[in-house]
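Each in structure tokens, the structures are laid out below.
Heads up, the next two complexes both have chain A, just with different partners, chain B and then chain C.
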Partner chain A sequence: MIVLEWLFLTIAPCDAAEPWQLGSQDAATPMMQGITDLHHDIFFFLILILVFVSRILVRALWHFHYQKNPIPQRIVHGTTIEILRTIFPSIIPMFIAIPSFALLYSMDEVVVDPAITIKAIGHQWYRTYEYSDYNSSDEQSLTFDSYTIPEDDLEFGQSRLLEVDNRVVVPAKTHLRIIVTPADVPHSWAVPSSGVKCDAVPGRLNQISISVQREGVYYGQCSEICGTNHAFLSIVVEAVPRKDYGSRVSNQLIPQTGEA
Partner chain B sequence: LLHIFDLFNVSAIYSQIEVELKTAPADFRFPTTNQTRHCFTRYVEFHKSLAAKGEESGACEKFAKYYRSLCPGDWVSSLALQLAKTFLNCALIKYQNLWQHF
Partner chain C sequence: MKTHLGFIRKYTSMLGFEIFPDFATDFTSFQQISKMAGSRVAHATLKGPSVVKELCIGMALALAAGSLWKMHHWNEQRKVRQFYDLLEKGEISVVVQEE
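Showing the complex of A and B:
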């Protein structure tokens, strides 16, 4: 068992955009896992229909080529086939709809109260994160800005246009509520590994609930055009073990409050 | 940078700062994605409770925590400003009513 776990740690999950990437990033939340599973379900029927339709098309082109078959057929009706080709394609969307609606409604269900609220506020062109659960007054709040590291300042191995100076630290396996809002123009907070894309609309607080299931660093990018530096507004979420989260937050709270 | 000298005096403080993971609960009155009204309602509830119970009683602290968790800092300042304006308007109207009696 220990050997198997160790092997797992040597595989790097895809939590950021990769060059020439075809599939989705690896799931880090149950929501993303559900989306990936739905995609696999639909893709099965997609391939089924694709193969079936192309076979019929190729067959028709091949067998009814004008040189091989100069006189066209004069069939105008075919009741059986018409009934079949109406009923059969209407059953397939039912098979697609069942898992799709199941996922859609389960995404909206909030069965457990969140443990933490994090506010992700978009500005032109940086992000501010507020952790205000520990305030004892209106002014004090764990707030920090998050700027994308410019290309010239990148260290060896860091991703271009994805790394930021201050990451959003969250505890793993905890229900989070993320409130997304902008301070100026519309933005969007998107982290593909977590299956999250939430538009930040001025004057509105949008809520999303996630529960990151594994520790790691997850990257995302702004997904709503917000001006010149829309490409330079990335998001990095760092999921740490729950017990480490307490010390990380205390670390940042101490300089804020200045006393124990 | 601040973390480096935190390591020296932080071990005693760790035992004192208990970071409890608690936040505003999911409110069934606001089941949808849009939580703007939720933030506003919690703020209003806090001030209503202050008016009803007074500042010294700790019962209102719960609502205060809720609105601070939900509302961004800038929104809290503008809500406070709005509240102050509303109080001022009410006071002015009362004053005008009194003056009319003379």
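Showing the complex of A and C:
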């Protein structure tokens, strides 16, 4: 089994894209875990069909090779096999549909009222994040811009075209609501390890709910072509322990209120 | 049609192989063949493959390969569950402690 495990090289060690990566990033939310499990369920049927069809094809090529089988068959009908090859393939999509629809509808369901709402606004070519939960209506909300760090300014160990100057700090194990919208052209807020890809459509507020299950730093990239610097518009979500979240936000709030 | 077939038969025999066998004799042997067992692919001279046997072997191999994948999936699920259990208990941490 160890040999077999070695053969299945799939799991990326961090929550960002890896060179030569095969498979999804490690799941950080229940939604992403559900997506990964659904993929595994469907892949089971894929393997079933691939092995079966390849076997039958190879055997047919073997048995009916012109040297071994000089006289070709003239059979044109076979009622039993036609019934079987219609019914079995129609059952497989039923087995795929059940977990697929279960996941789809569970993703739309917002069971728990989110504790925090964050607005992610896409611009050409940077992102703005707003935390509006901590101010009264006449105060300005905690807002900051997030630019991708240019290649020349990267420190050792940082990822190219992924690191940003200001990360989105969120508490772990907390229900979050992310509202995604653009300021100009369409963008898309995507973080693969959270199982999130939400289009930012001009004139529209799209909402997603996530709950990050472990602390960590999660990377994503813009997923809707938005101009010449579409590749330079990355997303970094930093999930911190709940007890540290308050101090992180207040540290960010203080310079803002100082400016005001 | 007969003229064309005659031309093709002559042409192919010049090339050394026959692709249009004699219809009269073959039709007779075809009648004999069609009376043989349905699950066996009929052949005039050689023993053909059994369709049921090939399908069963194919399904068995497919299920074996699928089982390997399922075992990998369950193993991965177990590792993930173990990881989150240990994280919950505090035995492991993903946060680097500040010095």
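Here is the rule we use: the second predicted complex is superposed on the first by the 241 of 260 C-alpha atoms of A that agree within 3 Å, B and C clash if a C-alpha of one lies under 4 Å from a C-alpha of the other, contacts with A are read in each partner's own complex, and residues count from 1 in each chain.
We adopt the following convention: a residue touches a chain if its C-beta (ideal position, glycine included) is under 8 Å from a C-beta of that chain, and two chains touch if they have at least 3 such contacts.
What you see is a predicted model; the values in this text were computed from it and never measured.
Touch criterion not met for A:His230: it reaches neither chain B nor chain C. Once chain A of one complex is fitted onto chain A of the other, the partner contacts of A:Lys197 are absent, as it touches neither chain B nor chain C. In the superposed model, A:Pro241 lies in contact with chain C only, and not with chain B. Of the two partner chains, neither chain B nor chain C is touched by A:His123.
When the two complexes are superposed on chain A, none of the residues of chain A touches both chain B and chain C.
Residue ranges on chain B touching chain A, taken from their complex, read 2-3, 6, 10, 12-14, 16-19, 21-26, 31, 33-36, 38-39, 65, 68-74, 76-77, 80. Those residues of chain A that touch chain B in the complex are listed here as 110, 113-117, 119, 121, 130, 132-135, 138, 141, 143, 171, 174, 177, 179, 181, 183, 198, 203-209, 242, 245-247, 249-251, 253-255, 260. The part of chain C that touches chain A in the complex is made up of residues 21, 26, 30, 38, 41-46, 48-49, 51, 54-55, 57-59, 61-63, 65-66, 68-73, 75-77, 80, 84, 87, 94-95. The touching residues of chain A, when paired with chain C in their complex, are 1, 4-5, 8, 11, 27, 33, 37, 40, 43-45, 47-52, 55-56, 59, 63, 68-69, 71, 73-75, 80-81, 213-216, 241.
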